[in-house]
Amino acid sequence: MASLNDYLFVSGLLFAIGLGGVMIRRNIIVIFMCLELMLAAANITLVAFSRLHISANGLPDYDGQVLVFFIITVAAAEVAVGLAIIVALYRARQTIDVEDLTSMRG
Amino acid sequence: MSVIFVLIPLLAAIAIFSGVKARLTALIASGLILFLGLGSVFCWQADVWSISFEVLATPSIHLAMGFYDGISVIMLLLSVIVLFAAILHGGAPEGREKLWYASSLLIGAGAIGAFLSTDLFFFYAFHELALIPTFLMIGILGKGERKEAAWKITIYLAFGSIVLLAGLLWLVNASGSESWLFKDLLASEIDPEAQKGIAVLLIVGFGTLVSLFPFHSWAAPAYASAPTPVAMLHAGVLKKFGLYGLIRFYPMVSEGMQDWLGLLIVLLLGNILWVGFVTINQKRMDTLLGNSSVMHMGYIFLAFAALIEAGSASANTIAIPAAVVLMFAHGISIAMLFCLSDSIQKRTGTLELADLGGLAKAAPKLAFLFGLAGMASIGLPGLANFSGEVLVFLSGFESYKGGPLGCVQVATILALWGVVISAVYMLRAFRKTFQGPAVKNSTGVADLTFMEKMPAMILAAALLIVGLYPNSLLSLLEGCGCQVSSDATEQSDN
Amino acid sequence: MDTLAWLLLALPLLSAATIHLGLKKLQNVSALVSTAVAGAILFITIFLISSETTDVSFSWATLPDIEIEIGLKLDSFAKNMMLVVTGVGFLVHLFSLAYMKDDSAKARYFGALSLFMFSMTGIVLASNFMMMFVFWELVGLSSYLLIGHWYEKESAADAAKKAFLTNRIGDFGFMIGILMLWGIAGGTSAALTFDGISEFFVGKPEYSPFFLGTAVLLIFMGAMGKSAQAPLHVWLPDAMEGPTPVSALIHAATMVAAGVFMMARLYLSIGTETIEALWGVNTIPWIGGITSLLAALMATQQDDIKKILAYSTLSQLGYMVMAVGLLDPNAGMFHLFTHAWFKALLFLGSGAVIYACHHEQNIWKMGDLKSKMPITTVTFFIGTLALCGFPLTAGFFSKEGILEAALHKNMALFVIAAFVACLTTFYMFRLFFIAFLGKNRSEKAGHAKEVGVLMLIPLIALTVMALFSGWNPIGANLSPLHNEFYFHFGPALIASLLSFAIGAFFAWKLYFNAEKDPLADNKIAKIFRNKFYIDEFYAKLVTYLQDAVAAVIHFIDELVIGGLLVGGFSRAAGGVGRIFTRMQSGNLQAYASLFGLGVIIVIYLTVFVS
Amino acid sequence: MPAHWLEAYVVLAGIVLLMLEAFLPRKEKFLIACLGIGALVFGLVLLFWAEAPENNKEMTRFYAWDSQAKFFKGFALLAGIMTLTLCLDYRKILAKFTANPDSDDSTGEYYCLILFAVAGMMWMASAKDLVSLFVSLELTTITLYILVAYMRRNVGSLEAGVKFLILGAISTGFLVYGISWIYGATGTTSLAAIGETMSEENSTFLLFGLALILISLAFKVGAVPMHLWIPDVYQGAPTPTTAFLSVASKASGFAVALRVLQPFFENSITAEKTTFIVAVLAGATILVGNLAAIPQTNFKRLLAYSSIANAGFILLGIAAWNSKGDLSAFQVTGFYLSVYFLMTFAAFFILAAIHRDSGSDEIAAFEGLGTRNPALAFLTTIVIGALAGLPLTAGFFGKLFAFQAAVGASLWIPISLGFVGVAAGFFYYFKIIRAMYWRKSLKTSPVKVRPLSFYVIAVLTGLIILLGFFPQPILWLLGA
């Protein structure tokens, strides 16, 4: 059976991949997907830790799992708003490449 | 009660902004406080003057004002006299009377507030209040290269204020005093290590405000381009804030200052000799006066250096009176010079020394008064500056008991050479402007009118009174700093 | 009695003040007020001399540990000196009434004259060094005002400035000296006063001869300025730009002698035995001797009647300084006393000549004045004799004293003094031969006629003094140090007589009936005429050492301190700010990368740095 | 009334207004703003009647009710009121970049969104559990994404929106990852319990989690190294949003930061490290914010950097949590934020007024204001002076308290950086004054200010001066 460390390693890897994707990819949609990866990494960590902490009655500590559901919900809301903004941007600029978003600087 | 010295000009400024006759209001207000100020000389020790109202509990800050000691009285006198003269001199351009007189009153109110505050916070705050209209006036209504000058003075003085603030906060913090009131602060003791740091911050901070070398570059251009009342008020009154502050807080950091004596002496000699030579090379009357005012600050710092060397006010009882008398004298004389140089410009249309000459023929009164002020500023006996300078020199030699000369004595000797330097440039300027054959723009001009003469006469009277009988000021200083200095001696004995 | 003494100060001050403030428009009234005051203080002085007096004072500046006083020290030294000041002063006032009759700024002139009387009185009666310094500077001011009386003239304005500045340089040393002496004598209030100083040194205190000597030398620097000793002598000849009565009063008889007076005061206060052992005081007589020699040489080739007298004054002041420096203040003061009268006489005489010749001052354009102005010529001749030390005139007695002193103390100086005496006779007779005898050489001088009574009265009065002020009853009672003349037959007397004879002979040989200067083309004479080029040297010094240095410093000040040092700070702040804003590239991925970097740093700092 | 009803009330008010918006005629959309102001004012009144939800056990686990919560709730409400007021005069510009440029048609939702954001901030003020903290924070942030990108015909606004969105989402990622680690180390999401379970063994994990949360909070308050979004987003966003972001959002970020950091500062195991890292952030933020502001020529962007700088000063006060000074970190922060509230809103009202006149946010737009509208110029001078920290304005005391606290904690290096920052601050703030008074404008026509804006500016300036003389009232509010 996979140990806690395995879960943490995977989640860490996932987080790093997400962050790396945000840094490297130019397409805003892809960047957005990478961001979701980061949240997923956090979710895995939370669930793993939730399994680690066994409460008095022998069950996992569900606080962590509750938070996971909140995160999923919030992520959904974020995607909804985010995609709307990206669509608006595309309609205004005909591009979703981050390289083109440098009108404000300095 | 003493808060009225601030309130009257402040309210008058507000009234002027809201549309009351500018010059008349300003004259009444400044005349009133001049009258009150002269009156307060006789009863300043009465309790009615001091007020104290806590505006903040932690840290404990009070709106506290009053005559802390004779120094405050003298500074008040200086402020009200110069303020009245500056307002009387007037000279507002058409349509800008409101701004002109209200700013002058604000600067005056700020300066008086700073000198009368007996709480550290308001002491600092009122000075800043006075600086803002100074900057604005130079920038808005100045002459010549006003923008650069105003920007320069703003940056320099802001820098000085911040360094000063750092020093003062450290001072308050290190003292562990219950409140920010002078009396509590001065009664507390500061760890010698901290004193050292505080002392250098105070020297640089206050020093910049007083145009201590090498933080002096702002002064000459600013005074040259400032509107006359602003130049009079800043050079004459507001600038003295830094010296006043140094003297005021000196007892708290007397040990720490010792470490910086050498540095201070070098800097003050920079003021006297370096800037002295810079002054000699000036080609315009206004920058010449501006630089000369920088130069003369060195003498007051010299008294301060003597005080530091002695270690406490009671070990060198001449130093503080010397500094205070010279502050007063310099304030009056430089205000008078700026006032009269404006009259020269109005007549001849230039302050370029090369374009002036022989003005005394057409305007003998102007020549006489300018000569008087100029002679005062180079320390001619019988005029106030000499009284101050001679006391400064005595204070420099207070610790000399025969044998080799100490560093303060050497500094005094070099400073004495500055007296020669100042005679060189002042006589040169007088010679170029008033003597010799009259040039074109100096012929047929009108002499001073009565109204133009008045401010200069008032200032001249102050110069003469203090010059002929310095005890008139010194009697106010009796016992000054003594209750503080006795503490300080105990400290140094321990 | 006290009030009477104070009046000596108060009256002239009051007169100066009223003239300046109120009477400027009433020119004649001003002149009369000023003259009346001069007369009044002369009477008060005479009265004070004939009565017992006590010193009076009040506190001028009171400090916890020290008090500066304005005090009158009414000993006979001061009182008799006052007689010289007020006596010459009053006569000069009288003379001025006529001389300045048509001047448009008469009120200003007399106001300044009153101011001078006030300041000079202050110097003479001062009871302490601070007060003396105060009035010392004030005489400088009145001298400045009077030299620059005709300020529209470039030369007058420049001369006034030069006089003031040169004196300032002297005063620079004077002040240091006062301060050092104050410290050495204990640093108390008393240590400023002459009485206090003498008490201190009577008590045989411990002091360093080096530093006390330095103090004395520095104080002497003040005297060098005021009494125009080399190398600070350059202002005095230029000061002749002022009206001639002023030259007589200030630049011949009284103010320039103040340096000698002050040194005598100092020497008497400290005590000549103490002084003798000090470091460096031997330079003082040498400075006097060299000044007298140089000035006398310069005087031999001047053509301006006032310039000749001015250099002669320099030379005589050198004599006095030499005498004081040789620890014989008596001789110095005696010469001061007699010199005041006959030099004032000579100057007023030259004033009368200039007035009569319509402001012609070149002696080569005069000639044969004896026939046009006989009384003036006689008085001037008597003055000349007195200056040259012709036996039984006032100058004879006092010069004898100086030669005597030099003979005993320093042979080299004695030789110089004798040679100077010879030169004195030479240039004075040259002046007399050219200006008063011979043939008339210009139209202006041709129209000259004898001056009026108002000018003649002072001349005659001074002639009397020039003849008799050296004689025992007068000298013993009225000269500041009560000098009685004892007749010594010896080298001094022989030198004195011989030098008179030699000087007069050469003057007669060269200049009697001369049409133009026979030495005009002589190279050495040219050096003398050009005053050894000292003025030129100083002008270069001022240009290069002061003005050029000032320009360089000004440049550095603006560039380095104003521009680089402080401007550098703000530029540095702005530069760092620009680096920060460069991070703000506007590129989202750059931001994200920097975020990542920031995260790593923050985690590192939080978790791994302890 | 239990306190948590307040948030419910504000959310409800938002929903009601959103529905009402659909029925209002096109020209009357500004009524929504007025109603919103009314609703928030009423909320402010209710705040006085609110009491702790003690009888509700589940609620007390997530919901704090103390002076800190009360203060920040009131702060959020007031910020909402000010923002809506600013909208009233700004709505023409807002409308210009929406679907119907000529009408107010699409501005109605904007006002409602502000209400939702306020509700989120109010909840943040009370959040004492990592779960409620996360949810309330996201409520605010997601609302703000929309508010920033609201002018969807304006490229700048959209660009700002995208930048804010992406970077904000990264920060959310850090937040949840950090939370998960803290949860892992302690087994609880309650902040109070974290302090109790802290030990030498788990402190490393805790600190790792803290670092990640700090990153996310630094993003919220605009502290280095997460400050990069601030200038671009502030500049691009509609001015009311910018004002709201820079005041309310920053304040709620600090409210959360105070809660999160409390257990770490108060436990001796982590106190030193926490102080260190916060002080480092404070120093860096002050330096970057102030120095980068110097070369700015756009006033809005200048204010953005200034807000970074101010965040640095507040962090300095927080870093001095364990200071020997008289004021607690909360009081220092609260005081600074109150002052900052006054100054910043005044500045944004002024900016909006200038923008309406000239259509530009550049500092150059201020040129000649001294003659074109002397009264506004005078008020601007005071506001700028306060921002620069001149004494006798409230701005001075904000900085003073921060410095005092830091001195008490002996944070010498950040303090010296702070003074460098203040000095630089004089430099760039006075550029505005210079522009107003010393420079001649090409235009000479008087600048018209709408009465509402003018009165608000005047009142805010009046308060700045009043509190500059007599700062005690705010401390009373903060429970000192």
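Labels A, B, C and D are assigned to the chains in the order they are written; within every chain, residues are numbered from 1.
Here is the rule we go by: a contact is a pair of C-beta atoms (placed from the backbone, for glycine too) under 8 Å apart; a residue touches a chain by one contact, two chains touch by 3 or more.
Please read these numbers as outputs of a predicted model, since none were measured by experiment.
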{"item": "Shared interface partners, meaning chains that touch chain B and chain D", "value": "C"}
{"item": "Closest chain to the centre of mass proxy, which here is the mean CA position", "value": "B"}
{"item": "Longest centre-to-centre distance from chain A, chain (CA-based)", "value": "C"}
{"item": "Result of counting contacting C-beta pairs for A-C and C-D, higher pair", "value": "C-D"}
{"item": "Between chain A and chain B, centroid-to-centroid distance (C-alpha), Å", "value": "65"}
{"item": "Interchain centroid distance [CA atoms averaged], chain C/chain D, Å", "value": "77"}
{"item": "Inter-centroid spacing, chain C versus chain A (mean Cα positions, whole Å)", "value": "96"}
{"item": "Chain B-chain C separation of Cα centroids, rounded to whole Å", "value": "35"}
{"item": "Chain A, residues touching no fewer than two other chains", "value": "19, 22, 31, 98, 101, 103-106"}
{"item": "For chain C, residues that touch 2 or more chains besides their own", "value": "570, 581, 584, 586, 588, 592"}
{"item": "Multi-partner residues of chain B (at least 2 other chains)", "value": "155"}
{"item": "Inter-chain touch pairs (all)", "value": "A-C, A-D, B-C, B-D, C-D"}
{"item": "Partner chain B, residues of chain D touching it in the complex", "value": "326-327, 370, 381, 385, 388, 390-392, 396-397, 400, 403-404, 407-408, 415-416, 419, 422-423, 426-427, 430, 433-434, 437-439, 469-472, 475, 480"}
{"item": "For the chain A and chain D complex, residues of the former touching the latter", "value": "15, 18-19, 22, 28, 31-32, 35, 38-39, 41-43, 45-46, 48-50, 52-53, 61, 63-64, 66-67, 70-71, 74, 77-78, 81-82, 85-86, 88-89, 92-93, 98, 101, 103-106"}
{"item": "Touch list for chain B against partner chain C, complex", "value": "155-156, 214-217, 274-275, 277-278, 280-282, 317-318, 321, 358, 360-361, 368, 375, 380-382, 386-387, 390-391, 393-394, 396-398, 400-404, 409, 412-413, 416-417, 419-420, 423-424, 427-428, 431, 434-438, 469-471, 474-475, 478, 482"}
{"item": "Sites on chain C touched by chain D in the complex", "value": "570, 573-574, 576-578, 580-581, 583-584, 586, 588, 591-592, 594-595, 597-599, 601-603, 605-607, 609-610"}
{"item": "Touch list for chain B against partner chain D, complex", "value": "54-59, 63, 121, 124-126, 128-129, 132, 135-136, 139-140, 146-147, 150-151, 154-155, 158-159, 162-163, 165-166, 169-170, 173"}
